[in-house]
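Here you go, one structure.
Chains: A, B, C and D, in written order; residue numbering restarts at 1 for each.
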Amino acid sequence: MDKVVSLEKAMEALHDNQTILIPGFVNIGVPETLIKGIIDKGCKNLNIISNNTSVRGRGIGLLVHENRIRHITCSHIGSNTETVEKVVAGEIDVTFVPQGTLCERVRAGGAGIGGVLTPVGIGTPVEEGKQIIELDGKKYLLEKALRGDVAIIHAWKADRMGNLVYRRTARNFNQIFATAADIVICEAEEIVEVGALDPDMIHTPGCLVDMIVKA
Amino acid sequence: MDKVVSLEKAMEALHDNQTILIPGFVNIGVPETLIKGIIDKGCKNLNIISNNTSVRGRGIGLLVHENRIRHITCSHIGSNTETVEKVVAGEIDVTFVPQGTLCERVRAGGAGIGGVLTPVGIGTPVEEGKQIIELDGKKYLLEKALRGDVAIIHAWKADRMGNLVYRRTARNFNQIFATAADIVICEAEEIVEVGALDPDMIHTPGCLVDMIVKA
Amino acid sequence: MTDMTLQGRELIAYRTARFFKDGDLVNLGIGMPTMCLNFLPEGVDIWIDSENGVIGLTGAPKEDEEFDPNVVDAAGAVSLLRPGGCCFDSFTSFGLIRGGHVAVTVLGAYEVDQEGNLANWTVPGKTVAGMGGAMDLVSGARTVIVMTEHCDKTGKPKILKKCRLPLTAAGEVDYIVTELCVLHRTAEGLVLEELAPGVTVEEVISKTEAELIIPETIRSMI
Amino acid sequence: MTDMTLQGRELIAYRTARFFKDGDLVNLGIGMPTMCLNFLPEGVDIWIDSENGVIGLTGAPKEDEEFDPNVVDAAGAVSLLRPGGCCFDSFTSFGLIRGGHVAVTVLGAYEVDQEGNLANWTVPGKTVAGMGGAMDLVSGARTVIVMTEHCDKTGKPKILKKCRLPLTAAGEVDYIVTELCVLHRTAEGLVLEELAPGVTVEEVISKTEAELIIPETIRSMI
């Protein structure tokens, strides 16, 4: 099962109006090769789930700049002033989710969990419209699972069947985002042969990855 | 912060009536050195959270044989015929939890999550006494977080500040059990110097581990 | 491999293995389900998922093969791990299972019924082993196949209108493969899709408590 | 390090750093909280937790020091990683944070109140950055320390009876450290535990909207 494909082939899975999971913290661990592929293909009206939107003109910021995003679900946009401008101007809708809750919701979506109870957000605007459940005298918000049509991710090393290793803080949201979409496309800095990675040191099992592109 | 201690020192944290998390799948990844320490110290009337009870006369089976266990929360006891005998004879109480639900509950306990919604167990005896929550037309059981007073775990390699690496399928429940107890004691097959482990290949961060004993 | 003389458990394993597609992640229950590995169709390379946190086990080492005692299967038996295999913790393992990342799970049954209910973990008053990972597997795998002898040892039907034993999961079974037939659980009910060589519709009906839907065309299991 | 002339933000950082114990896992917010690193007490070696999935960052590399561009802090700036540090994914990172494994988190405030409520993420109509990881950190860390100038730039109190801005978390703040004093949030209310050199109880009261409990003995911040 050799999953290595061309960027063009991988982009056949991308379409207008999709919900796309894109990892990255500020601009580290962002799949910029695949983002450029999306821009070149012309996909628009996208619904993005990410932690933030990189920085102006880089990573997810390219999608912001090219006006391809309809809505973003994220924890923070402060690192990209262009995103802030477009949100203020009403050109992009944004839903803010606490960063840990974003992790929980996407992990739940990838792991067949319907939702989790978190104390985070109790007493804050995050409560709005959500069910509050009290357990043993403590209040929790019921936060529902979240999934994407496609996840595009960035790995340091990938073997040809999709086993992945991430590098340092570039791991961030890649590991969970790879679990929670119908199609998972990974760009890798280095592609190695099957068997080259230590079985204990694989961060994402190959069974989760559908296509691999050289970053 | 050198956390390496003698077995005797580590056992000062163990007492009668405690709830103890003990990982292991059948008899792999079981902290047998620490279990023997508990037996030698004489702790009894223990409440054990584990996946199973190893096999007759090994691992958790030693605690079964020595009658130190009052109650077990686990997914399976079939691998240890002595446990089955004692449960049938009413000498040990058992609460069965589906294996994935056990993972979720302990992970929730270690991660500040009050509970999770899982479809597993709907329509089965596992439902009994639990809240059922319907989301988007699908039914889920609310499964509550679970924690221990102490977790005893088994690692392949530990550095002196408690960063851990597990070996192959001996990882099993060690990684999550290390997050969900007030005190975490690890036995390690090999103890290495701080800095000897690759930061990307550490399975359990040292901040979770209180004491390390040579296995 | 299309040996028309295949019978009993071998026939069941042979037919079940035909559900696997190349590259599938497959979880095989302990016992009869592992027999499927002896009957994989040509060109179909599957990856074995083991609930204890490993993908890619290939079975017991031969007498003089090197092995790692830390690599065991879901029965606790030492196994070899193929190149490309990987290990992870139990939490991740059951995330994969419950999250629909396992293509096919194959299990045995005490009872299975026309609503797709399965009972295979406890007989009250007789067994106290616990459910292990069975409930998660049946709830989570994309396709659930029950392989079972059509009747129990006393000749009583195991395929029922409604399970009487405590369930493992409700409404999750997709296919039932026995030495007599293949039944497909659809929204309309249990469809008799295939028959073993020499077996008649009447024989299946007489040995089945569940109501069956009999289509115009019924294929052969082999 | 017990320089009695310390003032303003340096005094706040100096005092805040005295809450750390040797071996503590500490999360420092971007900006003023990172100043604490310049005032660590002797014999206190802390481990820095960064929400983006790393423990053990030590700060920016010097001009000719080698670095890995994949090692960044919570502001996205390249940092060095000390021996014994480790990296993990964001899900694990926030599990550690929310699960009470971070001993101390230090953050700034727009407003903080006598019930331990904190507002530091949004001013409706003015900022649209989002809360990032702040809500998780304030809810989850074992000890929450707010370091802030006692009043805002226009001289208005920031320590209120009740926050008016949208909250970051409710009832989670343990200590407030300002250039004037240290306030301890207890079940009874906000206790004035320490004063900066030369500052009087009256001065603190006049610059604070919150009701304060004034104990018989008040220590010095230095």
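Note that in this section a residue touches a chain if its C-beta (ideal position, glycine included) is under 8 Å from a C-beta of that chain, and two chains touch if they have at least 3 such contacts.
Predicted model only: the values in this text are computed from it and were never measured.
**Q** Quick check on the contact graph: shortest path length from subunit A to subunit C, in steps?
**A** Each step joins two touching chains, and the minimum needed here is 1.
**Q** Which chains are shared contacts of subunit B and subunit C?
**A** Under the touch definition, subunit B and subunit C have A as mutual neighbours.
**Q** Using the touch rule from the top, work out which pair, B-D or A-D, shares more C-beta pairs.
**A** Most C-beta pairs in contact, of the two: A-D.
**Q** Once you find the CA centre of subunit B and the CA centre of subunit D, what distance in Å lies between them?
**A** 34
**Q** Centroid of subunit C to centroid of subunit D, CA atoms only: how many Å?
**A** 55
**Q** Could you work out how far the Cα centre of subunit A sits from that of subunit B, in whole Å?
**A** The separation of the two C-alpha centroids amounts to 32 Å.
**Q** How many angstrom lie between the centres of subunit A and subunit D, each centre taken as the mean Cα position?
**A** About 30 Å separates the centre of subunit A from that of subunit D.
**Q** Counting only residues that touch at least 2 other chains, which ones in subunit B make the list?
**A** If we look for residues of subunit B contacting two or more partner chains, we find 104, 107, 112-113, 118-119, 166-168, 171, 199-200, 203.
**Q** Where in subunit C do residues touch two or more of the other chains?
**A** Within subunit C, the residues that touch at least two other chains are 54, 81, 87-88, 94-95, 97-98, 139-140.
**Q** Give every touching pair of chains, nothing left out.
**A** A-B, A-C, A-D, B-C, B-D
**Q** Can you check the complex and tell me which residues of subunit B touch subunit A?
**A** Residues in contact with subunit A: 104, 108, 112-119, 133, 135, 138, 140, 142, 144, 165-168, 171, 198-201, 203.
**Q** Spell out the part of subunit C that touches subunit B in their complex, as residue ranges.
**A** 50-54, 68-72, 75-76, 81, 87-91, 93-95, 97-98, 117, 122, 128-136, 139-140, 166-171
**Q** Over in the complex, which subunit C residues touch subunit A? Could you list them?
**A** 22-23, 25, 45, 47, 49, 54-56, 81, 83-88, 94-101, 139-140
**Q** Mind listing the subunit A positions that touch subunit C in their complex?
**A** Listed in rising order, the residues are 1, 107, 110-113, 159, 161, 163, 179-180, 194-195, 197, 199-200, 202, 205-208.
**Q** So in the complex, which bits of subunit A are touching subunit D?
**A** 25-29, 51-52, 55, 74-79, 84, 87-88, 94, 96, 98-101, 103-104, 107, 118-126, 156, 166-176, 203
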